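Which chain is which? They are A, B, C and D, in the order written, and residues in each are numbered from 1.
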Amino acid sequence: MTLEHYLIAAGILFCTGLFGMIVRRNILVIFMCLELILASATLTLVAFSRFRLTSGLPDIDAQMLVFFVITVAAAEVAVGLAIIVSLYRSTQSVHMEDLHTLKG
Amino acid sequence: MVQLPWLLLLLPLATAALIHFALGGSGRLAAWTGTASAFGMLGLSVSLLVGATAEASPFVWLETGMFHPDLEQAITLSLKTDRLALSMMLVVTIVGALVHLFSLTYMAEDKARPRYYAGLSLFLFSMTGIVLAGNLFMMFIFWELVGLSSYLLIGHWFTKKSAAEASKKAFLTNRIGDFGFLVGILLIWGAFGTVDFNALERRVDLGNLPLTGGLLTAGILCLFAGAVGKSAQFPLHVWLPDAMEGPTPVSALIHAATMVAAGVYMLVRISFLIALDPTAAMTIAWIGGGTALLAALLATQQDDIKRVLAYSTLSQLGYMVMAVGLLASQAAYFHLFTHAFFKALLFLGAGAVIYCCHHEQNIWKMGGLAKRMPLTFATFAIGTACLIAVPYVTSGFYSKEAILDSAYAASRPLFWIAAFVALLTAFYMTRLVVVAFLGKARSQYARDAVEAPTPMAFALTCLTLLSIVGGFRFFAEAILPRGFYPTFDSPHHNFVMAVSIICLLAGVVASFLLYRGREKDPLHITPLRRGLYIDDLYTGLIRLFQDGAAAVAAAFDRHILNGFFLGGTAALTQAVGSVFRRMQPGSLHFYLVLAALGIMLLIWATSTV
Amino acid sequence: MDSILFYLFALVMIAFGFGVVMNRNPVTSAMCLVGCFLGVAALFIMLDAFFIGVVQIAVYAGAVIVLFVFILMLLDIAGEKRREFPIHAIAIGLIVAVIVGGQIAMVAGSLDDVGGKFPPIDKAAAVEARVERGNNPDSTINTILTDPKKPSYPDVHIIGEALFTRYPLHLQIVAVLLTVGAVGVVVLSKKRLE
Amino acid sequence: MSPHYLEIFVIGLALTLLMADAFFPAREKRVIAWIGASGLAIVFGLLFVVDPAALPPDTIAPYYSADPHALFFKGLALIATIFVLLLGCDFMPVLRRGINGADNDRKGGVAESFILPLFACAGMMWMASATDLIFLFLSLELVTISFYVLVASMRRQVGSLEAGVKYLLLGALSTGMLVYGITWVFGATGMTKMSQLAVAVPGMTDNIAALTFGSMLVLAALAFKVGLFPFHSWIPDVYQGAPTPVTAFLAVASKAAAVLVLARFLDPFLNNPEIAAKLIPVLGVISGATLLFGNLGALGQYNFKRLMAYSSIAHAGFLLLGILGRDFTLVSFYLGAYVCMTLAAFFAISIVRRSVGRDDLSAFNGLARRNPALAFTLVVSAASLAGVPLTAGFIGKFGVLMGAVNAGYWPLVAVAVPAAAVGFYYYFKIVRHMFWEKPDDLEPLPVGRLSTTALALLTAGTLVLGFYPRLLERAIQDAPIVPIPAATANTADTP
């Protein structure tokens, strides 16, 4: 397997996330799609880390970044879901069409 | 060691601060402080002119390293105290001091006198800044400040809606010109790497021209745009007549003698640049000539005494700008110099009339004032004589001849326009004098009018003297820069003079015959009364622009992007067809799509392998 | 063998990723997300990133997805399925996805070492480099690295070492960040605030 | 003292206040804001005594820098946070209503609105110092997550929650772009440290496509934070919906930190001729479009907060122009000026909102008669935002234009100057409402002592910087935008 295989697999996942972000209207699902984008980024990163050995071992800086990204994403999901739940409590909807309080 | 030029600049600022912060409660004290400071400035500028050391060390304001790493030059607040600046300073301070004196009585009953005098001092500060500015950048800053103080003074009676509107109009119109000015300064900076007058002139003298062709024309015209705004040239002339809503002494100071002349002064300062580019120069000349003609035409149909004078100011400024464009900036400056005195005189005379007629400004409600206010009449008549250029005895004659001479030499069409403007000037000024001062009184106020009080009369007398001697060689040559006083030795001088005298006589006689003994205006040309509808056009355009820009921005948001991609209003949905029918506008969705498209375009634009 | 596994897991990842996008029911979407993350984790492990793979499963599949499903249950949003998938959005989505995907493929293809084979881990070189940098030759990591009986390298140890010796401030920021997250969730969802 | 203690002090302060709030339930939460603001003021004082050379060389220095730019921006973040806390004090009744809903007599619930900004402040200070992409990512996320909570914190108001969701989704997208972009930059170079990138990237000829790709994704992510077209779209909605102090915080501090990071990140790429050839036109187009969109969009706005949102987009365009002109000293000055004038405007908004109950422009009708001093400060701030000479905003705009002229970006100047001119029009609209429109009631509008002091300071700052810009110019020392520590070559990159 070459680096390109991994990069392209991750790239397809990235595009899937982007695609989902555009077609879906459910805020929760869009949030999931954004997680797909993050997962694709981490996969790319790990692939680079493994294929670019530094003194014989996978690059540790990249793996650290992956580790931090996963942690941060978890915190982001927690806060994000709290906001979405609060929104649902006041509007009874998680659809984007129902967000129309703020406009020009 | 106090450097006198800096003192001259900072004295009015200190006065303004003192009046604003400490003397806000006492109108009387504020008035006397302001007047004393104005006379102090007059003293300073006289002493500078007669030989006190005018050296002023520059003050580094911004290291340009912050702006321009390649040039080891700083933007300085430097003063240029050559003869041009000092003579202009003399004009500004003389008129300023006399206007202060005049205001002592004119504004005596005003409740907001501290604000008024603080405004006047602030204005004098800004004007001094423009005159003494050593570079374009500094000039621009004071240019803006002068706009601000003029805005405050026009809107002095801001509770009056028309005054508030007029001040707003003046401010906004000036901004348009100022933006041109700023672009011009940027262009000059970008090309020459400096905006210092001395350095620029040195560059031009050495023939070192980084700016050529269309760019040079554009740069000069951009700088000229500043003058168009400030000196109220067509098409930005509309603010000046409205600015007459301000107190009359303010009109005399700002809108006749000094601020509006600042545009011309600036053009004279950069005349070495204008001379480089014939296209720009010709454009300037034609705009000046056009303004002169337009304003003179409009002036013939005004009923408000101040508006007549305002249009006449416009017309005279047009003369000056035309002269600058014809590369006769000496003549332009000489006319600026003489015009300042007699136009201030006319405005103050009008102020005296208005004051004595209980703020009546319509000339058709005056009449017969010559008998009741003989001194005012006499001074006003002399001022008029100067403006219409009565030969040999008035200052206006010398300066106008200088301009006509240069026009004849440079451009025949402009010469004939100028001559026709001279005829119109004689016509409308005679009309003004005949209607307002001669004949019978046509209102109670006019019947009850009495002679102006002493400080006013004193100010008028001083200005009358200056209006007469201002054109004489012994006086003018003592003040003006060397070579600015015209020589009148051109071969066609006699012809030019004959034309101007014929125009003068024709205008005076026609007007006298037409208006003598009339009760109301026999001529009624609506387009001229309405300022050729230029104002209405602008109002419409502004409304169109404001609504249009808002509509375009909103439509871009709602229809083009939102609508095209996501469906929007019903109309668009119909137009695009069934594809978009089921969709609803979802703005968050739109933002996400916009972002995704943005990312796509960014990647696409840059990472093509 | 490796390539079969790669294609299998990549397929799992992408198919479930697509499932997240295309399912009308958000709960199914969440379940697909689990499948997708399992695929990602498997690829991590194929790339010798064992620790990251486990974290991916534990944090994502274990915690994040549970959170999602929990919220979905709580909100009960089954009634709104019909409004999804307008055709024009699919069109734009496809355009964006195809162009971005094409660019990614092109960029990936332009990397200088993209065609290289899967490089074997060189433990001896690693030990040498570590010792050269002043690392104690008998430290735990070096001992494990030099032990020929261990088939893979000790990535948990190495990550741990890096985390606590070279990334202590990062770790603290993460701690602060998690605190902020916790405070934020409380602020946003507590019924009554004192 | 090592500079990295500054953030630790701020975090310590925040955690202490968090604990204090839990254990000692004070009825009056104002105290928390006061302690927070004074604590930050002390940290600001410490800025002048820290010694950048004292950074621990192995654990901190490789990814943390205390160069003059970082210190300047730390100061900016601290000042902005202090003023935001004071603004929050003033805005407390509205906040309380938004957080507690109809339950009006409850006094609690607002403490977190004063504590979370401290965390965000620490995050921004870290951002200013970040010279490592991982560190940058973490500090940026700390700021972002704090802002998610802050924006949505008035949870009884749909507007605030809606703003929160919009910010959340677009923010999460930008996080994804940031990580993916960093990934590709790493993939192309094998480096995550900006100081190494600054050395390596300018001379690189391999992997240019991947490098450009990565830098574009990071640019997109940072463009979200700064508010550049076409990633600006969240700004008007979020600014309008968020609580006013949070809006001010977003507009000022978050933007400032993101601008510094953007400049730092882009610098190596702009130094590589091959990448710069692709990057500069794109940045130019973005800057021009942002200027146009911000200024034209502002024309039609009648809500003051939305107007400020578009104005902030327009300023983002100018800031990018400054970055393109490669004179970061100037961008710093611009930001310093921007902080002063924008905060003053938001103070005025919050005062009016509190007493009138709206933040439409019409709420400002006749303000000149109701409170001349407040009207004056707003005039100064509007003038400065518009770029009237002798205000700080003028120097900033003029300098940026100058930089663009010097760099020869004439088409951009041709866009920027009319855009600035249009700016005059809509800022003047504010002045018109205050001076010429008739107010609904003529009651004098009271301003608390705290706001008066804050407004006086901000207005004085705007004017002083306009009259004597060298004051700030001296604070911003000219230094390379990406600091390259001498020790970089020796520090360990691998385990």
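Remarks
The rule is simple: a residue touches a chain if its C-beta (ideal position, glycine included) is under 8 Å from a C-beta of that chain, and two chains touch if they have at least 3 such contacts.
Just so it is clear, the structure is predicted and the values come from calculations on it, not from any experiment.
Counted by C-beta pairs in contact, the busier of C-D and B-D is B-D. On a Cα centroid basis, the chain most remote from subunit C in this structure is B. Averaged Cα coordinates give subunit C a centre that lies 31 Å from the centre of subunit D.
Centroids built from CA atoms put subunit D at 41 Å from subunit B. Computed from the mean C-alpha positions, the centre of subunit B lies at a distance of 69 Å from the centre of subunit C. With each centre defined as the average position of its C-alpha atoms, the distance from subunit A to subunit C rounds to 9 Å.
In subunit D, the residues touching two or more other chains are 134, 138, 141, 145, 148-149, 152, 155, 165-166, 169, 173, 177, 184, 187, 209, 213, 237, 297, 300, 494-495. Touching two or more other chains at once are residues 7, 14, 17-18, 21-22, 25, 30-31, 42, 52, 55, 57, 60, 64, 68, 72-73, 75-76, 79, 83-84, 86, 97, 99, 103-104 of subunit A.
In subunit B, the residues that touch at least two other chains are 554, 557, 587-589, 592-593, 596-597, 599, 603, 607-609. Of all residues in subunit D, those touching subunit C in their complex are 4, 11, 15, 18, 25, 58-60, 62-64, 99-100, 103, 106, 108-109, 112, 115-116, 119, 122-123, 126, 134-135, 138-139, 141-142, 145-146, 148-149, 152-153, 155, 184, 187-188, 206-207, 209-210, 213, 492, 494-495.
Of all the residues in subunit D, the ones that touch subunit A in their complex are 133-134, 137-138, 141, 144-145, 148-149, 152, 155-156, 158-159, 161-166, 168-169, 172-173, 175-177, 179-180, 182-184, 186-187, 190, 192, 236-237, 240-241, 297, 300-301, 306, 493-495. Taken together, the subunit A residues at the contact with subunit D in this complex read 7, 14, 17, 21, 27, 30-31, 34, 37-38, 40-42, 44-45, 48, 52, 54-55, 57, 59-62, 64-65, 68-69, 72-73, 75-76, 79-80, 83-84, 86-87, 90-91, 99, 101-104. For subunit B in complex with subunit C, the residues that touch the partner chain are 565-567, 579-580, 582-583, 589, 593, 596-597, 599-600, 603-604, 607-609.
Residues 18, 21-22, 25, 30, 96-97, 99-100, 103-104 of subunit A touch subunit B in their complex.
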